[in-house]
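We just call them A, B and C in the order they show up, numbering each chain from 1.
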Amino acid sequence: MSTAVARQSSLPGVGLTMGLTLTWLSVIILIPLAGLFLKTLELSPGQFWEILTSRRTLNALKISFGLSFAAACVNLVMGTIIVWALVRYRFPGRRLFDAIVDIPFALPTAVAGVALTQLFAQKGWLGAPLAELGIKVAFTPIGIFIAMVFIGIPFVVRTVQPVLIDLDPEIEEAAASLGANRWHTVFRVILPSLIPALLTGFALAFARAVGEYGSVIFIAGNLPNVSEIAPLLIVIRLSEFRYADATAIAVIMLLASFLIILVVNRLQRWAQTRIPAH
Amino acid sequence: MTIEVKNIVKKFGAFTALDNVDLKVGKGELLALLGPSGSGKTTLLRIIAGLDWPDAGEVRIDGEDALGHGASERHVGFVFQHYALFRHMTVFENVAFGLRVQPRAIRKDEATIRARVKELLDLVQLDWLANRYPSQLSGGQRQRIALARALAIEPRILLLDEPFGALDAKVRKELRQWLRSLHSEIHVTSIFVTHDQEEALEVANRVVVMDKGRIEQIGTPGDVYDNPATAFVHGFIGESIVLPVEVTGGSVRLGGRPLNIAAGGAASGASKLFVRRHDMQIGPAGTGSLEGAVRHVRSFGPIQRAEIALSGGEGKTVIEIDAPRDRELQAGEIIGLQPRRYRIFAAQD
Amino acid sequence: MSTQSSFVTPATPLRAYASTADLAISPPSHREASDRARVVASPKDLRTEPAPVRFVIIALAVSFLTVFVVLPLVVVFASAFSKGISAYFAALAEPEALSAIRLTLLVAAISVTLNLVFGVVAAWAIAKFEFRGKTFLITLIDLPFSVSPVISGLVFVLLFGAQGYWGTWLQANNIHILFAVPGIALATIFVTFPFVARSLIPLMQEQGTQEEEAAISLGASGLQTFFRVTLPNIKWGLLYGVLLCNARAMGEFGAVSVVSGHIRGETNTMPLLVEILYNEYQFVASFAIASLLAMLALITLVVKTVLEQRLDEGQTPRDDPSDH
């Protein structure tokens, strides 16, 4: 009978479900990703370095990371304004606009890509008036930037929105009762308490923009060194059967996204210690 | 049906939830597991039910090894603290569940199941709620439905985890009496867990007092109240005055002053004197082996509760006693005190 | 579109969003709390800004959303119908279009089914049992959200491609994974991997194990417990996960583009066909396919809103949160 005194759980299926989970996870996620890293190890550090520092790769990475950063900054500012309007004010169509924020999440990236291109092309609804002002958007880095802004906006809005909603009204009343004017209350009391959420939204938008492919490539123009993003360069290297080049760029991008996950997790922990659960 | 628990040890990481627990429960008993939170009482109950497994030890139900069987094969009725009613099922379907999931070979036909559920709902006097959902019931009603559901499988034993813990005081009192009369009606061997001593003493016919994963005392309610086996039991059950005393040979001293009481079998050394509030006899100053100044008196019902600062020592020791109202105490008055009934336990730590 | 505010996010959002695209999939909770806090700004309210400031902020928000989100959506339909309704339907009736629709449906069916089973199994393992490394396991499940779609496709090329680890063996045995349905399905499964599991885990964790324990103690088997007790409690969350998983599966472009090989009439899914037709300047045809995908997105958003309401209703606060 002492054999029965094993570690058992009250509910059945621990072994089976855990086994299936780990197996499926390994087959779909872990083995393929491990393959990527193994492939990189076939390169000598010198080769690896050479690929990464070649002019075209460097430029592609610069374009991807630089424009993503710029787009995330715009998302941060505009996202905050949108959240503020949606949460704090009542205006006609508020609920509709609240729903619309999710469209960049839901719309397939290829659809977004062709739509944005059509819109900003020289004869497009927005492209034509902009062209008259001498601004060319489609097939330039500005186009890439626009696409990145488009896909990043929900991240900031949906991260910050619930935090602003749950913000205790009493802290604002307290600030007002202590003699703060509205400007002080907003910039010294409310916005600082949104900082963890704002930074998380920023990081998520940035990460998404760096890896984005579908909504960017149509409008980008894809001129090497000028408007060629890193994910596209991976695809090009693959089509040239230069697997090593593709892999090296992929590994760098993957490491960057791991770094962002880490930062986001830290931000979340920070937010939790700052805001007491209620 | 009898339950036998032998040398059960259960650890959660570094924390020992049960430390070599032995327990025998006789046929038809209504037993209370009483203890503060973290004493291991719920863990013991879950181990008997098969919802947790011990690291070592034996559990026998009716002499048969239970650890070889999972919860679903033990035929143990378990009533959860928060009821755990199936929220998507009506009251009727909740009670019928145990009958519907039986293996096809022994499963009863629909008419029999309906009759049985009806019977159980009658038993808990809630047949009129059959078509409601759990969210539409009050706490007390949910509790009774949970009990009916557990009884539906004709359990060999019935286990209840803090059955009244989540209810308000008034409903609690009503359900206590109800559970007692229900038990005398169906007479199934039952164990319930509680941290409320009043509940344990009032409902159970035997009480198991637990602390830090060990059983401190097993006895009838009278036993554990009048003859506490350990300092913990004395302190946990009923209100006690606790005084630090020194036992030397046969004599007992408080702060150097001899108390006119027998040490009984108490060993020499630093000890604790336990006296029930109502077991402290009062008299004029000079009588009794203790003396103190009345600081504050509140009278209600048949008693007056007095706060008394004991003389001697640093004069900082303040005790609360319950005295009958035949002699009204005055604040500021000096009185003599003598323990009428008391117990002495060696002082640990 | 929907009349309700479409996306109400959890009260503790930062914990729920473990990674990049995770935002979209955490089922919402505590709507009541949010609505209570949404106080209408009355003129005397000290919690609001002067009217001109309010006007400017609303104007900025509305025009930004209109330009960046509404207009692209309108352009899709406007371009699709630019040559009239008959041209639109003619484009959709092209054999190439029909084959792309068929392939998209097939791939979505495969990947949703597999991820549905996996998601339920993984959520059971993670939510119902205590073990070390649980947070790490959840992070691994989330991983595909933070990987660029192109890389999601690339990893399978490295495994199964002509120069990949198993490429030679596969060729020798005449097994086609890359540039065929299995490769497209694998890449799609990879990118949609977290949806079902991630929408179930918080829900099942919140529901705890008591009802399952009660079922087991009443004599139910593991499967009976799952189908009669667990499944009814998680059905809306499950549908929510399946809905988002399906939307992504049908719309995935980057990962599929890398593994598909773009064989016309054979390995082109709808998003890939949108690309090809657009690059061939067949704008009406391209936008006709795109309009179907946009409809899918809009329907998904509407159904999502409905499911979120269901999930909120299911989360009636527990009557007693007291002690252990």
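Quick note on the criterion: a residue touches a chain if its C-beta (ideal position, glycine included) is under 8 Å from a C-beta of that chain, and two chains touch if they have at least 3 such contacts.
All figures in this text were calculated on a predicted structure; none of them were measured in a lab.
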Chain of greatest Cα-centre distance to chain C: B
Closest chain to global C-alpha mean, per-chain Cα centroids: C
Contact-richer chain pair (by C-beta pairs counted) among B-C and A-C: A-C
Centre-of-Cα separation between chain B and chain A, whole angstrom: 56
Distance between the centres, which are taken as Cα means, of chain C and chain B, whole angstrom: 52
Euclidean distance of C-alpha centroids - chain A vs chain C, Å: 15
Where chain B touches two or more other chains at once, by residue number: 50-51, 70-71
Where chain A touches two or more other chains, by residue: 10, 12
Touching two or more other chains - residue numbers and ranges from chain C: 213, 216, 221
Contact set on chain C toward chain A in their complex: 1-15, 17-21, 23-24, 33-34, 37-41, 46-50, 54, 57-58, 60-62, 64-65, 67-73, 75-76, 79, 118, 121-122, 124-126, 128-129, 131, 137, 139-144, 146-151, 154-159, 161-165, 186, 189-190, 193, 209, 212-213, 216, 221-222, 225-226, 247, 250-254, 257-258, 271-272, 274-275, 278, 283, 286-287, 290, 293-294, 296-298, 300-301, 304-305
Chain B contact footprint on chain A (complex, rising order): 1-2, 4-8, 10, 12
Residue ranges of chain C in contact with chain B within the complex: 210-211, 213-221, 224, 228-229, 232-233, 316, 318-320, 322-324
Touch list for chain A against partner chain C, complex: 9-14, 17-18, 20-21, 24-25, 28-33, 35-36, 39, 78, 81-82, 84-91, 93, 95-119, 124-126, 146, 149-150, 153-155, 158-159, 161-163, 165-167, 169, 172-173, 176, 182, 186, 196-197, 200, 204, 207-208, 210-214, 218, 231-232, 234-235, 238, 241, 243, 246-247, 250, 253-254, 257-258, 260-261, 264-265, 267-268, 271-272, 277
Contact set on chain B toward chain A in their complex: 46, 50-58, 65, 67-68, 70-71
